[in-house]
Amino acid sequence: MENNTNRMKEQILRTSGVNPLKCMRCGKCSGTCPAYDEMEYHPHEFVYMVERGDIEPLLKSESLYKCLSCFACVDRCPRDVEPAKLVEAVRLMVIRQQGQNHLKPDQIPEMLDDELPQQAIVSALRKYAK
Amino acid sequence: MQRIGVFVCHCGTNIAGTVDVKAVAEALRYEPGVVISTEYQYMCSQAGQDMIHEAIRENNLTGIVVCSCSPRMHEATFRKTAQSAGLNPYMVEIANIREQCSWVHKDMEIGTEKAIILGRAAIAKVNLNAPLTPGETPVTKRALVIGGGIAGIQTALDIADAGFPVDIVETKPTIGGKMAQLDKTFPTLDCAACILTPKMVEAAQHENIRILSYSEVQDIKGFVGNFTVQIKKKARYVKEDICTGCGLCTEKCPQKKVPNEFNLEMDNRRAIYIPFAQAVPKVATIDPNYCTMLKTGKCGVCAKVCTAKAIDYTQKDEIMEEKYGAIVAATGFNPISMKPFDEYAYSQSKDVITSLEFERLMNAAGPTGGKLLRPSDGKHPHTIVFVQCVGSRCSAHASKGKEYCSKICCMYTAKHAMLTRDKYPDTDVYVFYIDVRTPGKNFDEFYRRAVEEYGVHYVKGMVGKVSPEGDKLMVQASDLLADKQLHIEADLVVLAAAIEPDMSARPLATMLTASMDTNDFFTEAHPKLRPVESPTAGVFLSGACQGPKDIPETVSQAGAAAAKVIGLLAKDKLKGNPCVAGSDEWMCNGCSSCERVCPYGAITYVTKEFRMPDRTTALRRVAQVNEAVCQGCGACTVACPSGAMDLKGFASSQIMAEVDAICK
Amino acid sequence: MQKVTREILLAKAAELLAAGTVNRVLGWKAGEFTYDVTPALFTTAAELEKDFVYGPFSGANFSKYLVKETRRDEGKVLVFLKPCDTYSFNQLLTEHRFDRERVYAVGIPCDGMADIQRIKDQAGDGVSGVECDGDNLIVHTLYDGDKTLAMADCLAERCVNCKSKKHVAYDELIGETGDVIDSHRFDEVEKLEKMTEDERFAFWQNELSRCIRCNACRDVCPACTCEKCVFGNPNSGVENKAISDSFEEKMFHVIRAFHVAGRCTDCGECSRVCPQNIPLHLLNRKFIRDIDNFYDEYQAGAEVGQRAPLVNYKQEDLEPSEAVERSGNNA
Amino acid sequence: MRKCSTANLDALLRTIAENASLYLPVDGTDGRAHFTKWEDGVKMSDALNTVRSAKDFFFPQTENLMDFKVEGKTIEIIDTREECEDFVIFGVRACDVRSFDILDRVFLVDPVDTYYKNRREHGIIVSMACTRPSETCFCRTFGIDAANPGGDIVCYKEEDAWYFDALTEKGQALLSKLESLTEECDTAAVDAQKDLIRERMDKLPLADLTADAFGGDKLNTYFNAPEWKSLSQSCLGCGTCTFVCPTCQCYDIKDFKTNKGVQRFRCWDSCMYSDFTKMAHGNNRTSQLERFRQRFMHKLVYFPANNEGIFGCVGCGRCLSRCPISMNIVKVMKELGGNA
Amino acid sequence: MQMTEFKPKIVAFCCNWCSYAGADLAGNNRLNYPAEVKIIRVPCSCRVNPMFILRAFQRGADGVILCGCHPGDCHYTSGNYYTRRRMALLFSMLNFLGIEKERTRVEWVSAAEGAKFAATMNDFVAQITALGENKRLEDLRCKK
């Protein structure tokens, strides 16, 4: 169990390239986050929990899909911690663990409309691929 | 060929217990150059020293090797002994056979063998030693203080009180610096002006102090005890010695729209101005960028109203050259620009201000006459948010901000919050902090009073975003302890901006060849043991130019720097360390490698005419070492590819001789 | 791109001489067999007309001559600089080795210079002349008639791995300047790094054992401009006139490379002149590669006044204990 | 004249190597020919000449003369000389063979250099004719016949066979040991080769170069010639020309401090170096012009002055191909010769 | 015949202000380390020329170690920073030539680190002993 946690933590750190030890716990990321109220775990908690290896709750949390990837936290973090990248890495871990996409490719055409930006389709595939 | 005496010390049993000292003395007798080799119980004792003394006299020794304890222990002792016997003290070498041999080895045979090798190395070295004499240079008994803030003023006063003349060079029209702009000072809440202005006046009136205001240092040459400095006195278009400071001109000047930098441009002044009422020197200055007379030749109002006839539109910048023995850098600090931190809307709203601006707003002599009013509409703010650490404590790789803690913000923010609540109990005051750092006498008590007695809301967390909405400022922040995101409708937001060294520090450091850290703070000669000296001899550091500092710390450092300066100026002559670098002009190719690695700026270049081996003459650029400045580290000797640069006392040939002797 | 010819350079030199801008010209002088071009000083248009040549063998880097030349005379000397030469030129200026005011530098573009040894390897011994024909060289041989070789196959090693076609210094440019090239110049170094320690030792032992200490590498090197070399100075304690033990080969070449580390512009002259064909440039390139790896990328001579890496530091520099691993050496 | 079929050459070399160390030109890892000790499997190079000359065999670049041992305050002198073993140098070209005569005139005249003499006596030279002289060759300028290269044994290589002829007693002795691998033959093939070589020598680019303008009596003609200035102008002062030259014979004697004493050795020196013949008062030739002039005046004037008109150059062309700035004796002769 | 145990020769260059004092402290505390280590005092680690290191190998040293103040603590403020660059490049180059990387080392030892000094020397001597005699940078003349 311990090993599994370590392995997950290492994988998250590797995919994100984030060093959570750089965090000085100022909370500016959470202060800046537009999706704060939607989230169960807030950006600064993501950083702290990953650092502690408290990853299971994050994997299960809806918060993963509430992050808009707006990168406000990345831009404003004084210590260059880049919390959004951590969130993204945890999200990727869930996707990889499950190995199965929530959205099936054949479902996509019917969901498309002309207004929908290309980028939204791509990020939707990533985010809702639960 | 040297005539060398070898003296092996028993050090009681300290050495003799593990080293067969007789065998060592016997073995070393046959080394090249050795004419006498002997041992004794305690070489450092009077009897031992007498023995060395006698041996030098009797055998006409030209060098001695003492095999004993560490040179850090008794090198000085044996050098004195040698000197008393008429031998140059630098003809003494120590073989450390105690700390580095008998005390770390147990086996007699091994210890003896090693002691012989160490002795051989010392003999090989002393064979190549040359007598050295420390150089002497006279000291100009006068100091220059660069910067006229509280640091510079205090340093100048202390030096002047000791009887040495001091010049203060200040770029602004008045001395006083940042402290003159402050309202109250923590933790006692004295009024800054009340404690600063008497010192300014004292400086102005001190017979040993000359204030060169509105002046800049342009060039510095020379070295410890002998600096030559070029100072530019900028034209202020007012005769300083005649102006009475009555201020009439500053009232009559028709050019009213000049942003007032003393009030951080929150109000306007005239084109002719005196920065503030207690300015020293209290004389008017014409701002050439705004004066209509200087720009178009039409106006001349100030000249007309001046009863003292002090106005002189034809004044020119003046360059003066002065000599000093010591230089103190006291260039101070500035808040950093808030431009990169636009999430706080500093550029979008007039009601987002820095703490220094807040000082002026609270100051009775400030733009609002001491009333706390919003810069945008002059209304009284009811909710004020203070943000700490703006631009401080950022990652080294972050695109903006500084890596260090600015040190003074926690305390002045507590002061601001407290003063606000004191004057206007109807205001809500929030302070967003990451950590509250209060390590100073009565500091934490002060902060606790802000919380407990004045009801300031301290919130652990950072403000993420400020957005102006109508006449309000929407502050979005996190409250980490409550795990909540707060949304506060504020009337005024105050940013505790990080502080950085003044821009003039970097060019000054280059002129002084004083080193700086990556943040442009001056580096101290030793972070613990020589905190007010620059590594460059004769250059001292005072105040925030060395690192963020509050007033009490600045004043104590200023005094310490003054003490160091006084210590230097009290000497008539400076005696140097003779183990300094020297350049062989015939081999030097003038490439500047040595100059670049010298931490002391001891190396300069001259272009000289040489008669070349092929009988032609050529102009060649060659390095010269200033022996008064060189500290003898030897960095230059390795940077020099041709080996033109060598270090006396630790010459390449000497070190290689030691290597050879050890590897035999 | 304008093709530089002898005529263009001649005209430029004659013009500058006539105008009094310069009073002498550092140029290439024709030899016996086309390829044996000698650097020479010309003072009149007539001399230039008679002996000045420019072609695939005009490879010598003139920068170092400026040290001696600018000491001699009050007037200005005209020097033609290929892109690679301009780096040496700047580096010498950085080190205050000559007076810029006494030089008029004309930058000339360069498509690479030929290596006579490579030509002989392909055409056989007995090369009596070489002619340029577009992208080919026509080689006249004594016994096997004429042979046509692609210029690309005859380029000197340093030109095959040319690092820059950009002129970083000049008073005037003939033709156009080019760009810094993303070259493969470190491939050979990398190959050696990947060998084992033993293989590398064997490689260098074999190469350096051929050294005859003629000092050509040192004497041609634009970075080796010491008034007196440590290895030629009897007082330095390391002087040696000949190699009488294989240690001295290593001592000489390691220290020589170290002394020019951070100052070497990688002009390749050392290997070009080595009579024993020792790939000395690999030592210099190793230092360049390590400097780029360990610290910031640095090209000596790119700008005048740069602070060379060995007279510079950062607080966060790597530790010597990490150096071997970081350098890519297989150890 | 004896001949050995090409197929038998290896066996022949092996036989020579059984009795003496055998050296011959072999292509090195750098693609150039160097004299290398023969052992089984070593292939002889096809190159015209080696990078370094063959003088190394008699006058090596460094040579231990004696040792001093220091013990306490006593010094012991140790004679390090040993009797040299017999050795054979195979494939020496005419130019290098002549260079030995020139070296002999320096080292074997009184006082005889015993180190050199020792090796000279034990060395057997198998020369080889040059069928493909190079553009840089000008040995004929100095009266050398590449078709009759000399030495102890002369050899001619043809497609199918090698021809040998002993010219000295030493050569005869060696050739007699090779009788089983060689057979007596006529000189037809060799004569044809000689004709070919001479024909080719006539056509070389430097065939017309003569040394007539030079000689022992020309000191005043050339010493102050203005041409020296431009000739020496770009000389780097390196020692490449002197070190690849088969006739340069200057050396320095130096002491090396070992851990126990001193090793006295001699090593090649170069008149191109600024510290050449440095004396207490400094150097006697202080400019590169003087040093440059010294080298060529020595070869073309001073040496013939002391040696019955024999020049100190053999026209091997090594300096032509090795000089970093392509300055060489041919350019010097042409430039000065026009002045005579 | 029994093989005599290999006793390496080690040259340690120590800066006067930190490492030499650290070595003295090791002595004061009677911390043992092998006698194969011989210390040469230099004012600062930046005084050590790469030539000295090669010279030591030439003369028969089997290992060379250079000790200076910790980066940032240099008595001369920046000397050891230059040392660090010089030695990083030199060591990499020596290894590029096939010299065993274990033969050379730089260690930062403060005046307070007597124990570290002794431990470092013990470790270094063990490392060189395991490596064996210096063959690749030897000068045979010096062994005569």
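For reference, chains read A, B, C, D and E in written order, and residue numbers begin at 1 within each chain.
Criterion: a contact is a pair of C-beta atoms (placed from the backbone, for glycine too) under 8 Å apart; a residue touches a chain by one contact, two chains touch by 3 or more.
Since this is a predicted model, take the numbers as computed values, not measurements.
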Number of steps on the shortest touching-chain route linking chain A and chain E: 2
Those chains which touch chain B and also touch chain A: none
Chain pair with the higher count of C-beta pairs in contact (C-E, B-C): C-E
Furthest chain, CA centroid comparison against chain B: D
Chain located farthest away, centre of chain E as origin (C-alpha): A
Whole-Å gap between the CA centroids of chain B and chain D: 68
Chain C and chain D, separation of their C-alpha mean positions in angstrom: 30
Distance from chain E to chain B - Cα centre to Cα centre, in angstrom: 35
Whole-Å gap separating chain A and chain C, where each centre is the average of the chain's CA atoms: 54
Residues of chain C engaged with two or more neighbouring chains: 230, 237-238, 244, 310-312, 315
Residues of chain B whose C-beta touches two or more other chains: 597, 639, 652, 656, 660, 663-664
For chain D, residues contacting two or more additional chains: 256, 259-260, 274
Listing of all chain pairs that touch each other, if any do: A-B, B-C, B-D, B-E, C-D, C-E, D-E
Partner chain A, residues of chain B touching it in the complex: 343, 389, 391, 393-395, 397-398, 401, 432, 434, 460-465, 476-480, 483, 485-486
Contact set on chain E toward chain B in their complex: 9, 11, 16, 20-21, 23-24, 26-28, 30-33, 35, 38-44, 46-52, 55-56, 59-61, 72, 75-79, 82, 86, 118, 142
Interfacial residue positions of chain D with respect to chain E in the complex: 67, 256, 258-261, 263
Chain C to chain B touching residues, read off their complex: 71-72, 94-97, 225-230, 233, 235-238, 259-260, 307-308, 310-312, 315
Touching residues on chain D, where the partner in the complex is chain C: 28-32, 34, 47-48, 51-52, 61-62, 64, 132-136, 200, 203-206, 230, 233-234, 236-240, 242-244, 252, 254, 256, 265, 267-270, 273-275, 278, 320-322, 324-328, 330-331
